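Here is the structure we will look at, set down as structure tokens.
Naming follows writing order (A, B, C and D), and every chain is counted from residue 1.
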Amino acid sequence: MRVSVLGATGYAGAELLRILYGHPEAEVVHITSESHTGENIADLYPHLRGLYDLTLESMQDIERIGRDSDFVFIGLPHGHAMAVGQKLANLPVRIIDLGADYRFSDTKVYEEWYHVPHTHPNAPRCYGLAELYREDIKKAKIIGNAGCFTTASILALVPLAKKHLIDVNTIIVDAKSGVSGAGRKPKQGNHFPELYDNFKAYNVAHHRHTPEIEQAITDLSGEQTIINFTPHLVPMSRGILATCYATLREGVTAEQVDAAYTELYGQEHFIRLLGRDAYPETKYVRGSNFCDIAWHLDARTHRVIALSAIDNLVKGAAGQAVQNFNIACGFPEATGLDFTPIYP
Amino acid sequence: MRVSVLGATGYAGAELLRILYGHPEAEVVHITSESHTGENIADLYPHLRGLYDLTLESMQDIERIGRDSDFVFIGLPHGHAMAVGQKLANLPVRIIDLGADYRFSDTKVYEEWYHVPHTHPNAPRCYGLAELYREDIKKAKIIGNAGCFTTASILALVPLAKKHLIDVNTIIVDAKSGVSGAGRKPKQGNHFPELYDNFKAYNVAHHRHTPEIEQAITDLSGEQTIINFTPHLVPMSRGILATCYATLREGVTAEQVDAAYTELYGQEHFIRLLGRDAYPETKYVRGSNFCDIAWHLDARTHRVIALSAIDNLVKGAAGQAVQNFNIACGFPEATGLDFTPIYP
Amino acid sequence: MRVSVLGATGYAGAELLRILYGHPEAEVVHITSESHTGENIADLYPHLRGLYDLTLESMQDIERIGRDSDFVFIGLPHGHAMAVGQKLANLPVRIIDLGADYRFSDTKVYEEWYHVPHTHPNAPRCYGLAELYREDIKKAKIIGNAGCFTTASILALVPLAKKHLIDVNTIIVDAKSGVSGAGRKPKQGNHFPELYDNFKAYNVAHHRHTPEIEQAITDLSGEQTIINFTPHLVPMSRGILATCYATLREGVTAEQVDAAYTELYGQEHFIRLLGRDAYPETKYVRGSNFCDIAWHLDARTHRVIALSAIDNLVKGAAGQAVQNFNIACGFPEATGLDFTPIYP
Amino acid sequence: MRVSVLGATGYAGAELLRILYGHPEAEVVHITSESHTGENIADLYPHLRGLYDLTLESMQDIERIGRDSDFVFIGLPHGHAMAVGQKLANLPVRIIDLGADYRFSDTKVYEEWYHVPHTHPNAPRCYGLAELYREDIKKAKIIGNAGCFTTASILALVPLAKKHLIDVNTIIVDAKSGVSGAGRKPKQGNHFPELYDNFKAYNVAHHRHTPEIEQAITDLSGEQTIINFTPHLVPMSRGILATCYATLREGVTAEQVDAAYTELYGQEHFIRLLGRDAYPETKYVRGSNFCDIAWHLDARTHRVIALSAIDNLVKGAAGQAVQNFNIACGFPEATGLDFTPIYP
């Protein structure tokens, strides 16, 4: 398959190039960057030297790129993918957007949280969380790749919510991410000496991944869900740990909780159930497409605490995009993604 | 005042020496270590070279140390301070224990969570969280210095609980600590390559700081409290951030929340109220005795999210011990503690 | 090929498993650990969960393992591989030792620096630095895989020494390594809070990689070489940067220096010449088998400063071992190693 | 003494405020920042909240600030202090410049390395390395505070050079610094994800601290000196380790080397001689004004390897500035600087 990457110089775009390098069924034909047009990707990202010899193009002539490609991956800030989607609407190319533009079934929710009008509300799209929306992904024209925090949170919570083991309105997700999640553009708050040896929360009560988690839990449980989501920055580059709290419905047993996870994910290659009372660590999944999940029950408070770990740039972005690509193409799902995490 | 430090080679003990070096009213007369008896502290801790020239003694002859001292600081693992307390019971020396032995008014709770019998249940003691138990600290024979996670958590939650603005049984504390909190003794899990570039939770639902937080909230609110407390390890040496969730009682306004913090802490030197919608960072308090607090209200979920940051070795251990020492001696509370955080 | 890994639970052994997982021509048949015999590797190293389901064996019955295997990789502390080599001497199995036992052509040098008698001095062996000893590696019974610091240092210096562009006795190598190079066993000096946010030198003037560098420079330049080598610990897990100084012979031009690198390495897949005045970074090679090299000339001092970066666990250990395995088997050299570095 | 800080929002300026807070003889009267004029310093640097309540001024009316102050500390980029120095030339105020403008006795050297014309070449000034230029500092109108790398390098090398124990033209300084040395302004290369878990060299053969080291060694040894100086970035915020190599003159003994250090620095409070074969670590000095020094002799190569560690923002900038201030005022040299390093 001929694939192109729009916004190839962001961290998610660069990670796509890393993964696609080893994908036996994908050939990268175009990569774009408006700020680095004309530069060679290996000059910008020396880790790719000797592996890629591609020049960054502008996406001004997006139709040409679209005609040349079977798939276009979009790694642009929100608001830009909508324009691309419209321009490619009548070409046979399919789209995987790593941003938020195509993640919401109700674009009013998008407009409310992202503060921009949605210009492509009727796009034929689906939500790109591979394990939970596989059938939709197979045939969608546009796949709205799930966000990083949301992937970790939703995968940890859905077994509980779908089986109605928890009161969905007691859900609190306390999430922690490495700094690559904040993007490649330098700013004061992400300057090395400011974050190193430091820990902080941000965007309490209004992070944009909140409605995305609510949408998936509501959709898959059938229960209208409102949650608290609190992101934090960990002084490291990659990795997300989500600590998810919810009150168990009366009478729910530990065995029911165990079974909920096993039934839903027992056959999934990229979800590793560490089991009850275990501890995922971000380092166990670093560089890989795995989502590791464990859960704890607190008899004193009748709460369940679910923990999940992913690499935010892989399962939280580029890896999941390739997984979705594999599903969309009918390839085995681990094609090009069957590598081990890097530890230590 | 003549002071001695038992267990001077642990991180909290060493931090006591750092702080006491600049204390105009304290002279360190004895320091002990059973594993390093006879060694000079500056050989073990080269950062103290040129500043201390003291030999580590055994605490076998604890009575002699007690007779020589006006105050004894104890930085030993739990279970050991009880024995010291008993042996010094009839001497005029006062004790500040940085461990858990003297933190609980109901020693049954201690026995349940620490799995050892309490051998000194009737000790004349008080809970050593300076801002909240100041009057007791002034006259107590034994001060059970508050724990690190607990100091951060309790200080953030008490204004809300005391004013009955929250439902105390909805409290969830999601806390994150630097690795010095795990002590100086090397083990596999704290080996540098294992923790670096890594993030994880531990002791979910059964960390020993849980009942300590519950005791203080129950005591100061008058309402029986059971909470969830989840600690995490941040790949850094020092610092704790506590993210505290609770459901607001119906009708509680943001102004009431603001007022609760201001009323209780407005005059406190070591508590800095960053205000509503602000963000404490562990780096803002590193090396200092400050506890920075901020709070957020989520209108969608009717929850308050309170954030607090401390240096776990200072306000969470040695600094608070010196603050308690100042209170107990009638010195101005910031004596020897009036220094700035180290940033960046 | 059937391969076994002795000492699979050390960091180098685990890294071998990571790489071999993706090697199309290798099947891991035995893995050993004396301290974890009987355990499943995925329990010890959860990052391998779902990828390996192998039980750690003892290597007591090493002959059986040797008979089952075409290749045995040894990841044991120095001194242990010699015993294995002797026991497998008469079996057709070939050996790649990641330790120092088989690196020296003159075992007296080994005995002097490692302080143990060499019990297998006549072993049919070669030095396993792939790019420089390829012909020997093809046919050797035992390959003494080059060390981590030495790989970085030798690759940076050999073009200059071989072409006689420098005075070899002015060589100073100032090298910096991530902490995984110190092994998986916890000790006080590698305890997280001690190394984090810290930088230090160690083993000045007597690190054991010194004679290994001297051996290769002497061998490939034909000039007896004595150098200074100074290792430092960087507060990170992986990566080595070697800063190599030498005085240029009179009249040597920048173009001659450029040509020396290009001639020797221009066709090498795993050596990336960044060129004159460029800067390798350890992050550009992390997780990969690349060695990135650049060089600078100082007209004021007539010195050349060569810089090289590797991942100490890949090109400095397990990756080079697999590269040597490929050479020894006649496979294309990048088989199983053709993946990109992980950045950021 | 009334002191003002120009450029108070850079890292060195902020560190000055941290240290001056505890100085019993200094009162901060003006602080300036052109980019943050009118803001409160505690809003910009929340770690100073509750400790400082000062508004940042412009330095446009520098004469007024000069008239109000006994001392002006300058924390501005090079080139700006010259203009200030000229404007304050006729006022009784004294100046301590933390930049390079007043460090060179021969301003031609400055112009050559800094690529700007020196507009104040005849300024009455001295080089501000406290232990080595104390007499000059006592009476100078303008003190050109020594640089960070240079302080560490010069202090380590001068005992050897002054006693003619080494060939000064064999000096190589391989230095490593935390990232705060690169300043507070964010840029791509110092973006957190780029530097974290990474190590690299920069400015090989042309870093501006090179001529500053050469000037001091030449001056204090009486021998014209040309050296190699190579800086590296360590993924941490603070701290410099300098590894200094030089060839010993024939016949020089270890005892002579030991004596050189002891004679020169034996009575210095802020230089701690760890002794022969010891290892300074940046963490031993973090947050303090100490310079820890050790040295090693290599009998095989006849070289000495001297190691020194400082906190780049303290002894390498603000701490040394206050030390110079104390010397200039006739205060005991440790006034306001007598605090312990922060470990771990």
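Methods note: a residue touches a chain if its C-beta (ideal position, glycine included) is under 8 Å from a C-beta of that chain, and two chains touch if they have at least 3 such contacts.
Please read these numbers as outputs of a predicted model, since none were measured by experiment.
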{"item": "Listed pair (B-D, C-D or B-C) duplicating the A-D contact set, over half by residue number", "value": "B-C"}
{"item": "A-C against A-B, pair bridged by the larger set of C-beta contacts", "value": "A-B"}
{"item": "Averaged-CA centre spacing for the pair chain C and chain B, given as whole angstrom", "value": "46"}
{"item": "Between chain A and chain C, centroid-to-centroid distance (C-alpha), Å", "value": "36"}
{"item": "Averaged-CA centre spacing for the pair chain B and chain A, given as whole angstrom", "value": "39"}
{"item": "For chain C, residues contacting two or more additional chains", "value": "11, 178, 180, 184, 193-194, 196-197, 235-238, 281, 283, 286, 344"}
{"item": "Residue numbers on chain D that touch chain A, as the complex places them", "value": "11, 178-180, 184-188, 190-197, 235-237"}
{"item": "Sites on chain D touched by chain B in the complex", "value": "11, 14, 17-18, 21-22, 45-51, 180, 184, 196-197, 237-238, 269, 272, 274, 281, 283-288, 290, 292, 338-344"}
{"item": "Complex interface listing, chain C residues touching chain D", "value": "169, 172, 174, 176, 178, 193-194, 196-202, 204-205, 226-228, 230, 232, 234-239, 241, 243, 245, 277, 279-283, 286, 296-298, 300-301, 303, 305, 307, 309, 344"}
